[in-house]
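One chain, chain A, appears in both complexes that follow, with chain B as partner in the first and chain C in the second.
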Partner chain A sequence: MVKIEFRKVGKAFGKKNRKKDVISDMSFEVSHGDMYGIIGASGAGKTTVLRMIAGLEEPTSGSILFDNKVVAENGRILVPAEERNIGMVFQNWALYPHMSNFENIAFPLRAKRVPNDKIREKVEYLANLLDITETLRRRPGLISGGQQQRVAVCRALSKDPSLLLLDEPFSNLDATIKDSARSLVRTVQSELGITAIIVSHDPADIFALASNTLCITGGKSGQAGKTSDLYHAPNSIDVARSIGEINLLRATVEVRNGRDAAVLGEENILPVTLSQAARSSLDSGDRSLIVGIRPEDIRIVEDSQEQVDARRWLAAGNATVKISSYSAGIFRILLRLHGVETDLATTSEHFLPPGQEVSMFFRKDDVKLFDNSGYNLAATPAAAAVPHQA
Partner chain B sequence: MKSRSYLFFIPTGIFAVILLYLVYWNVYNSFTNSSSFHTTATFVGLATYATVFRDPVFLSSMRISLIWAFSLIFFGNLIGILLAAFLFNVASDKIRLIFTTIFIYPLAISAAASAVIWTWLFNTNDGVNTILRAIGLPPYSWLDRPSSILPSMILISLWVYSGLSMIFYLASFQNVNRESIESARIDGASPLRVLVRILMPEAKNAFIVSTALLFLFALRIFSLPFVSTGLNPFTETAVLNMYFYYITEFFANSSVVSVVLVIIASIVVVPYALYGLKRWITHD
Partner chain C sequence: MTRFRLVSSITAGRLYTIGKYAVLVFIALIWLLPVYSMVINSLKTAAGVLTTPVLQPSGISFHALKVVAAAMERPIFNSFVVVLPVAVISTFVGGMAAYYLYRVQSYFNDVMFTVVAIATFIPYQITLVPLTRMLAQMGIFNTYQGLIFAFLIFYLPTGALLMSIFLAVLPKRTIEAARIDGAGDWLIYRKIVWPLVIPGSISTFMFIVVESWNNFFIPLILTSTPQMRTTSVAVLYYSGGFGTLYNESFAAALMSSILPLIIIVVLGRYFIKGFLALGTGSKG
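Entry: the complex of A and B
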């Protein structure tokens, strides 16, 4: 197990006057034995961070520490990759096509000149753990993608690394086997108790595996912390988008019935509670903000007579169903909220025909408010709902 | 569309016809007694072949050419692999470019010029022997003894052609998945282990092309021994191409030697062509 620390790390590519900052001022910490996620859009800098941890790239500025010992800083690698005791699973698995799977897994051990009997013992143990024993005599080109991925994981684990790095390990797998692959990695990491870092653009990978996550946006640390916190309380719209789908609506803050309210369009009013700092920020501008609501935090009510618990749900207004599509046992519904020129996505257990009129409610505790720069105002919706005005 | 595509074949077709005709004419001529002494050539069957294969000068030239060819193949490939491995591990693109240019530059020099340069370098009193004396080693008779002259010539041809071999291997190494190399690096594999276990197994094509070309270039060698040691069929560097000058009046004999060279070259090239064709068909 190892603890990883980034201290104000920056990375630039290019020569002299044409340097481009890919990573800037990044600081985070990975604890011993943690399963840590790094998420971000394509090109955000995730793989660059992973490569710096692996020792394949040097940081242009800042320091990288393993167990409080500096391994790279300010343009220099002080501890090369081969001395960091890392096992790495690359996005394309990087298996050696001309070697059998046995030899692929044994490769790190042969490089360390481990005796043959110990190699056999280790390879067979790992193959049994990951259920690929029957493929050991075959070459990577003759086995399935899922099996190749497991061979790659075995190879990474064969030298008993203190750190396991996974770079988009499931991106080349079919959707049907991704879940079992994630479960496998989770089991292996917890059984062996090693520190692991997984990089992915897919929130599903991060939620399945990582207890703590760093979200990289535009080459900077957008937010780091518990994965659930990034989801429920994102610092910014970029973080919110990186970790899951979110609907965004433009609104203005007004005072209605003596309390703050976010007004969507002309008719849709969401009562909100703003901190003093948030109110000052809005007062200094044009009082506009962005309301964010995740699809699963939207409730559709078809029957206008149905009672909805106002302690938990805020009435957002009436909406028209635009389209219903089906995927993986659930319907994905696109709605147009009346008075707002934005489509909102949500889910439903049953089909809703296009054109149907429904009432829309937002889960009170999960409405997010962002300023015009996209940063979370850290506001919460009001405890008591203002009656919806038709 | 199909009929228009045949138009592209016309230039190749014309040259193929001319080439095949000349090959046919050469093969036919080898079965005659054509020479300056026979105004009209007559068909003699395998008699000319028998004459040539009984000529000790031909047998000696053939032996020297084959020794040269196999030495160039073995050491040329070896040096090519080592140079390619060195360049592959150079981190800086600029330095790699500089060294690549240095290593392939001999190919740009004519063989005769190379021969003149190395004749001076292999001089008993000057050149390389100056360096050997400076570091306390005895001078060597590079071109002065029958036993050392052929190895010295082979050394010169290695200097000329190893760069070509290097190019093929370097291209092959650079096609290997970068992540495979990085994975091996993380696993603590030394550059030698990476070369032997990862790069070389992926360099099959480079080996085939390099071997075929080195073999063909070795069979074509003429200027190097001619300029260095002169046209003497009884020397240790009298290669097959110099034998043509020895039998210059005997056209049929020359045709026999040409046919023999074509057969030897075909033995090397045809299997490669078939292998490449098989891979193209099976999309391997």
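Entry: the complex of A and C
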């Protein structure tokens, strides 16, 4: 178990005159025994952060602390990778192709000069835990992807690391075994009680495993906090997009019937409540904003006579079904909202034929409003101090 | 009509095949000619070698080979004593240098790599005087250690350069995984890097064996007594002087090229494997 802290960490690659900042001014903390997620679009800098934690890269500026002890700062590594007691599962697993799976798992123990009988005991215990006992004598090239992943997890765990790092560990697995692999990692982590950090671009991995998450956008800390908070109250459009799907609609704020309303195109008027700060910032600008709504926060009503609870749902206008597709027991619907001519994605429990006219409602509490730079208007200005990456 | 076309296309294909093989056989003959003339002339008698043309055999006599074998025993032994350690050390230690330059990338290491590459191509001749003086001062002139030391100066950079070419196919992630697993550089080199670049190291080893075995200039300058002569130098004494016995000089040439020939025949497939590994980016 270990606590990790990033203090104003920056990382640049390249020579002096051609420097490229990959990470800048990043601060966050991972507490003891936590399963921490790092999410972001590809190229955002997730893997660089993980490699700095592992000790494979040094931070150009700032400092990294393990249990309040500085392990790297300002371009220098003070504790090298081999002394940080880390277990890591690489994206492609990086197993040693010339060794048997047994020797792969035993390698960290051999490096520590653990006696042979202890090694055998440990490897067999882990292999049994992850159900790969029968593959121990074979080489990594001769077993399936799912088994290779488990060998990689065993190797990462065999030396009892105080920190487990997982770099996109599921991206090379078939969709069918992804879930069992996720639950396996979750079980092992909670059973052994070690701190773990998982990097992924797939929200499914993060929701399945991480209780707290850092979202990296454009090399900066977009938002850090509880995974559900990132989902429900994202600081910016970038964060909202990284952690799940979101529909975005351009709108202008006008006063209708004495109340603020977001006007989508000609006919769709969405009453909104704006904070004082948000209103003053809009007054100084061009009064346009972006409405964000998650697919599950849209309700489709086919029958115009049906009563909808107005305290919870806002009428957003009429739309035409463009296409219905199917995935895991639910239909994914693409709608074209009249008057705005924007496509919105949502789900339905039953099939809707293309061309069907429907009414659309947005869940009142989950409509998100972003300014033109992409910040959430509901968020406090301090938390939203992240420039929007175009 | 169609039948005629079919027949003519078969004939054209056959002609192409015959032509292709004719060219290949011709090239092979050119390559084999020196070996052929070396073998048949070393089997001639002193009279036979003077009365028959070079490419024409004249009976089989092992006299020349026997005479030369007795005289070449010592030089061949000397060559073995010098060449094997040189090739083993150059490959293994050169590989270590290549590993370090590959793992740690820095401006300094880029400069070092350039220096290594330049060192590989330094002509021996220009180092002649300083090298001889250095060995004399170290008291290892005309000794095995002296020859090994001098060869290492030239072949260690070669080993490092060749090994760095073969090492580049090793994924960096594999080395990083080993570091995270807690292994130091020595353990990583022995247990991870070395086993994965074996085809490449065999190619490097063979190259250095053949090069240093055939190296004539360094042992010629750095040895002063007949007991210390290596094969390549000893062969020289079979031509010139008061007159050349061609059968004996061919026999000496045959003996001196036996080790490189055996190595190429036995390990040739690994040599090719090593270079194939470069193309496929795998372990070979």
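Here is the rule we go by: the second predicted complex is superposed on the first by the 378 of 390 C-alpha atoms of A that agree within 3 Å, B and C clash if a C-alpha of one lies under 4 Å from a C-alpha of the other, contacts with A are read in each partner's own complex, and residues count from 1 in each chain.
In the analysis below, contacts are C-beta pairs under 8 Å (C-beta built on N, C-alpha and C of every residue); 3 or more make two chains touch, one makes a residue touch a chain.
All of these numbers come straight from a predicted model, not from anything done at the bench.
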**Study point:** Partners on chain A (chain B, chain C) - clash or fit
**Key:** clash
Review point. Can A:Pro108 be said to touch chain B (first), chain C (second), both, or neither?
Key: both
Exercise for review: For A:Glu82, select first, second, both or neither according to whether it touches chain B, chain C, the two together, or no partner.
Suggested key: both
Review point. Between chain B (first) and chain C (second), which does A:Asp67 come into contact with in this model arrangement: first, second, both, or neither?
Key: neither
Review point. Looking at the overlay, does A:Asn92 come into contact with chain B only (first), chain C only (second), both, or neither?
Key: both
Review point. Which chain A residues contact chain B in one complex and chain C in the other?
Key: 54-56, 81-82, 84, 86-88, 90, 92, 94-98, 107-108, 110-112, 155, 159
Point to revise | Residues of chain A touching chain B in the complex | key: 54-56, 81-82, 84, 86-88, 90-92, 94-99, 107-108, 110-112, 155, 159
Practice item. Would you mind writing out the residues of chain C in touch with chain A in their complex? Key: 171, 173-174, 176-184, 187, 191-192, 195-196, 283
Review point. Considering the complex alone, what residue numbers of chain B touch chain A?
Key: 177, 179-180, 182-190, 193, 197-198, 201-202
Point to revise | Partner chain C, residues of chain A touching it in the complex | key: 54-56, 80-88, 90, 92, 94-98, 107-108, 110-112, 155, 159
